[in-house]
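Order as written gives the chain letters A, B and C; numbering starts at 1 within each chain.
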Amino acid sequence: MSSLIALLVASVTFGTVLMYGTLGEILTEKSGNLNLGVEGIMYMGGAFGLAGAFTYEKAVGVAASNGFVAIVIAVVTAFAAGAIASLIYGFITITLRANQNVTGLALTIFGTGVGQFTGEFMRVREGGYVALSNHLKGAFTFQIFPSFLRDIPVIGRILFSHNAFFYIAIALAVAMHFFFQKTKTGMYLRSVGESPSTADAAGINITKYKYLATIIGGGISAIGGMVYITTTAGCVWNHEGLSGVGWLAVALVIFCMWRPLNAIWGSILFGALMIMYLRVRVAFIPTEIYKILPYIVTVVVLVFSSMRNNKEKQPPASLGVNYFREER
Amino acid sequence: MTNEARTPWVRLAKRDAMDPRKAWAIRLGSILIALLLGMIPVFITGNNPIAAYGTIIKGALGRPIYIKQTVKIAIPLLGCALAIAPCFKMRFWNIGAEGQITAGAIAASYFALYWYQKVPSTLLLLIMFVSAAVAGGIWGLIPAFFKAKWNTNETLFTLMMNYIIIGIVAWLQGGPWEGRKGSQIIPMFDQSARLPEVFGVHIGWIIVLVMVVLMHIYMNFTKHGYEIAVIGDSENTARYAGMNVGRIMMRTMFLSGAISGIVGFIVVSGANHTLYRGVANGVGFTSITVAWLSQLNSFAMIVISMILAILTKGASKLQTELKVPMSISSIVTGILLFCMLSSEFFINYQLIFRQKKSEEVCR
Amino acid sequence: MKRFTVMLVIMLMTVGMVFAQGSKETASAPASGSTIKVGLLCIGDENDQGYSYNFIQGQKEATAKLAAEGINVEWVTKYNIGEDSTCRDANIEAAEEGCKIIFNNSYGFEPFMLEVAKDYPDVDFVACTNCVSAFDDLPNTFNAFANIYEGRYVAGVAAGMKINQLIEQGKIKPEGAVIGYVGAYSFAEVVSGFTAYYLGAKSVCPSVTMKVTFVGSWSDATAEADAAKALADQGCVIISQHSDNTTPATAAQAAGVFHTGYNADMTGVAPAASIISTRIDWSVYFTEFIKAYVAGEKLGQDWCKGMDDNAVIMTKLNTAIAAPGTEAKINQVMADIAAGKIQVFDTSTFTVKGKVLTHAFARDTNGDFAADTDEAVFDGAFHESYFQSAPYFAEQIDGITWLNAAY
């Protein structure tokens, strides 16, 4: 039992990273844009988030630096980096109508390059490694709930022992759920992704919706990269650290069937699958096979949902397809 | 009056067809713009951007051995772009070339590791070639089957297939094929399992150049190529014309996967001489952009893949000489792709500005 | 269209020629006086604060030492090289740029390095931590390592003393004395390291046991942190590591347990957890090799030195958390190791499946990757790094549990 709780708690750390990546991509895909650049976006978010906090700490000095301010700066810089990256993607696919798959892959190449470049450039400039002080590191992983809550048996560790980013991600998922289901804007956005021509005919400004969803979604995904660097990677830039995380988020979007609430448990499950080999050992399953489970599960989900052809559990109908009013 | 209110000041219209020369001029222009934009990060590092491009060219083409290395980088890019072309022509978004390369590489490696003493070199290479093609083909066929049968989203399916097969290589590395215990390293291939060299570069370059010609013929002068083009234009038209869309899809994906598999064979047998999880090294993704930017034209792919190879190779020189991080090549490549993708817009569309009121009234 | 293609190719080639001829490469300029160009290829970069960082420290120190003797070293350093064919390219480039010596810092580089070495007989290629170069038929390939197991043994002593203190304070029971170890792969270098560490701890705390988790990567910050966390969750009170990042230290601190490090002083990142670290001082080797090269001599093809030559050193003890008396004790142990009084793998101190180890081969000569030559057990001890620099102790001794042996 206690080892199960320990596994769950540990899964949350990486799960939180995935949750941001996934929620951002869900928002983007709901508008019908398949942004395959999440990998690059998260790299940029990680590099710029760290750079933001690092620069802040250098500017005011370690002693004077405030953990809260550092977190805000890191979130803002990461979000901005992701938003700008997605703006490029949005401009090329929405306004210039280029192929979404290709543009997304280009963004992955570009974003990975920018992230690694930034991290490496900081190192060259500093003449050593780039890392935050322990003081700020503590702020990023600070458990926000008081110890009497954390000490409640079983529930305390499961529910109250995480850092702020986790709870923010949950709040975000719930908010997105309500946004899609209950608000007019959310329903308009869904209709843009499902059937742009109908939405257009109904007078919805397709371009505006697509741009906003893509940019905000990219920003959210980028925060995931920042959370990775500042929580699981120990506030140090890591050249290959983020590789594959963005693609895992793309897989997770499918696994969650484009539903924000599913992303909560889905990302914790994926987080668990990624580290399970360190904790749960089944003799006949080699460790590396554990690590491909998330992808196998995703494929199975994808296949079954297409077989059942359940309208509720499908990708947004126009996913990956650009909208040309002239061709309506 | 109402008419005027509804007409925006600028609107778009699809061009019929631009003079190809003009179109390529636009594309060339976009490459130049990209190279200009690519100077920004160099500038940030405090270096002279022009000198930096000089270093890149020097590092990629400055010596015969550098040229050979550059060509080696271009070979898989070009080969894999050829694999992508028929799928994308068909609007089947295969982003699983990465995995199909890996599948081919696994099959070829199996024979290289365990059959090298049983058969002579030429036969061994032939077996590796064929098995790689089959393995890659099957890996590509799986998503196509589900697409044909249940319309499963192929973009996401092929993407997932990449990570599954890469995980399998990781398992082989640490498990059954491992060399020194615990090292996670598969031994180097025997000499007989390695591709011979012509002009100092393994003969993979000849294989891909032959494939360039074959693919050009296949796409433009065969019934298959025609069918692919029709499906790409409209699946419904193809159905009305009596084509078995599902079968053509599977056939094309098998072909595409097979070519990627051959690339996997070329990479393990010609360049790496061993297998590891990073065998595809992003080629499957980059080559998609190569194929698309070349307008799926086999010959244009040669140029584009060479440009990207020059950037990659030259950047490592940039790192040692000017301390500009090597990742600059990814940035410039990204910018290049963005610019070229954008340029297509100006080739395919024209902006029509709202005409003067008087004219509108006249009309 | 075709004309365009041809034109572009011609254009690119012309540009290439112009640049190539216009600027003679600096590399081809003859080395003046005693300036020597040396390559260092790293698997990571200093941001790991660990493995590659340690090499760069060695590089800097060696440069300073050599400069004091009038030898100027011009380094060509390449970072983030993969253990794949990019490593071959990096070696070629370094050789083409005029490097006389090229140090490869990762185990997996060697097979690719060896293929390049054939084509550049005038350049010396060094594969640090690996074991083929020394015994192949190429005279210009070298191996180097240091007796890091000695340093781990000492770190183990410090850990054992901390555990004793915890037992005395009543914080844990003697049977709760469990060490957790984050290893990269179940690879001789790692096995040898954690066994030495365990034996060091056991020499002061007889009840200690150890759990080892392999993360399956030399450098994976997340997995290393998770592994450390998992070990702490399973009751380990001290964590040590053989992997490249500092995240095990931070994870140990977060879990409220103690830690000893590798490659770099980690008391900075985990002041409340990290007691001490051990590291190889590569400047010793770099200095020796380069000095010999300049003097026109050659070092042996297999180089290995230990604590007595300061090739393996301990970082500053974190006295704020170390058990009292640790400083004196480890100084004593270090002196004893240097003097040969302590044999780290003394066969009277451990058993394998309940039996005393009487036989183990050191080297593989027929290429099947199983050791078949050179008996390593004699004079009452297993002689590590005696027949070759790269460690070859690969026994699973009693008291150490491998949690996952899939790697």
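Quick note on the criterion: contacts are C-beta pairs under 8 Å (C-beta built on N, C-alpha and C of every residue); 3 or more make two chains touch, one makes a residue touch a chain.
Every value quoted in this text rests on a predicted model; they were computed, and no experiment measured them.
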{"item": "Chain whose mean Cα position lies farthest from chain B", "value": "C"}
{"item": "A-B compared against A-C, more contacting pairs", "value": "A-B"}
{"item": "Rounded Å distance, chain A centre to chain C centre (Cα mean)", "value": "35"}
{"item": "Geometric centre distance via CA averages, chain B-chain A, whole Å", "value": "27"}
{"item": "Of all residues in chain B, the ones touching two or more other chains", "value": "170, 174-175, 326"}
{"item": "Contacts with 2+ other chains: residues of chain A", "value": "120, 286-288"}
{"item": "Residues of chain C touching at least two other chains", "value": "79-80, 216, 406-407"}
{"item": "Parts of chain B lying in touch with chain A, wherever the complex brings them together", "value": "12-14, 41, 44-45, 93, 95, 146, 150-153, 155-157, 159-161, 163-164, 166-168, 170-171, 174-175, 282, 285-286, 288-289, 292, 323, 325-335, 337-338, 341-342, 344-345, 348-349"}
{"item": "Residue ranges of chain C in contact with chain B within the complex", "value": "1-2, 4-5, 8-9, 12-13, 15-17, 19-20, 23, 25, 76-80, 82-85, 89-90, 92-93, 96-97, 107-108, 111, 115, 185-188, 190-191, 216, 364, 369-370, 394, 406-407"}
{"item": "Of chain B, residues touching chain C in the complex", "value": "20-21, 24, 28, 54, 57-63, 65-67, 69, 170, 174-175, 179-185, 187-188, 271-274, 276, 278-279, 281, 297, 299-300, 302-303, 306-307, 310, 313, 316-317, 319-320, 326"}
{"item": "Residues on chain C engaged by chain A in the complex (per definition of touch)", "value": "44-49, 53, 79-80, 213, 215-216, 219-223, 225-227, 229-230, 233-234, 245-247, 250, 254, 268-271, 403-404, 406-407"}
{"item": "Touching residues (chain side chain A, partner chain B) in the complex", "value": "34, 36, 40, 88, 92, 96-99, 101-103, 105-117, 120-121, 124, 244, 247, 250-251, 254, 286-289, 291-292, 295-296, 298-299, 302-303, 306-307, 309, 315, 319-320, 326"}
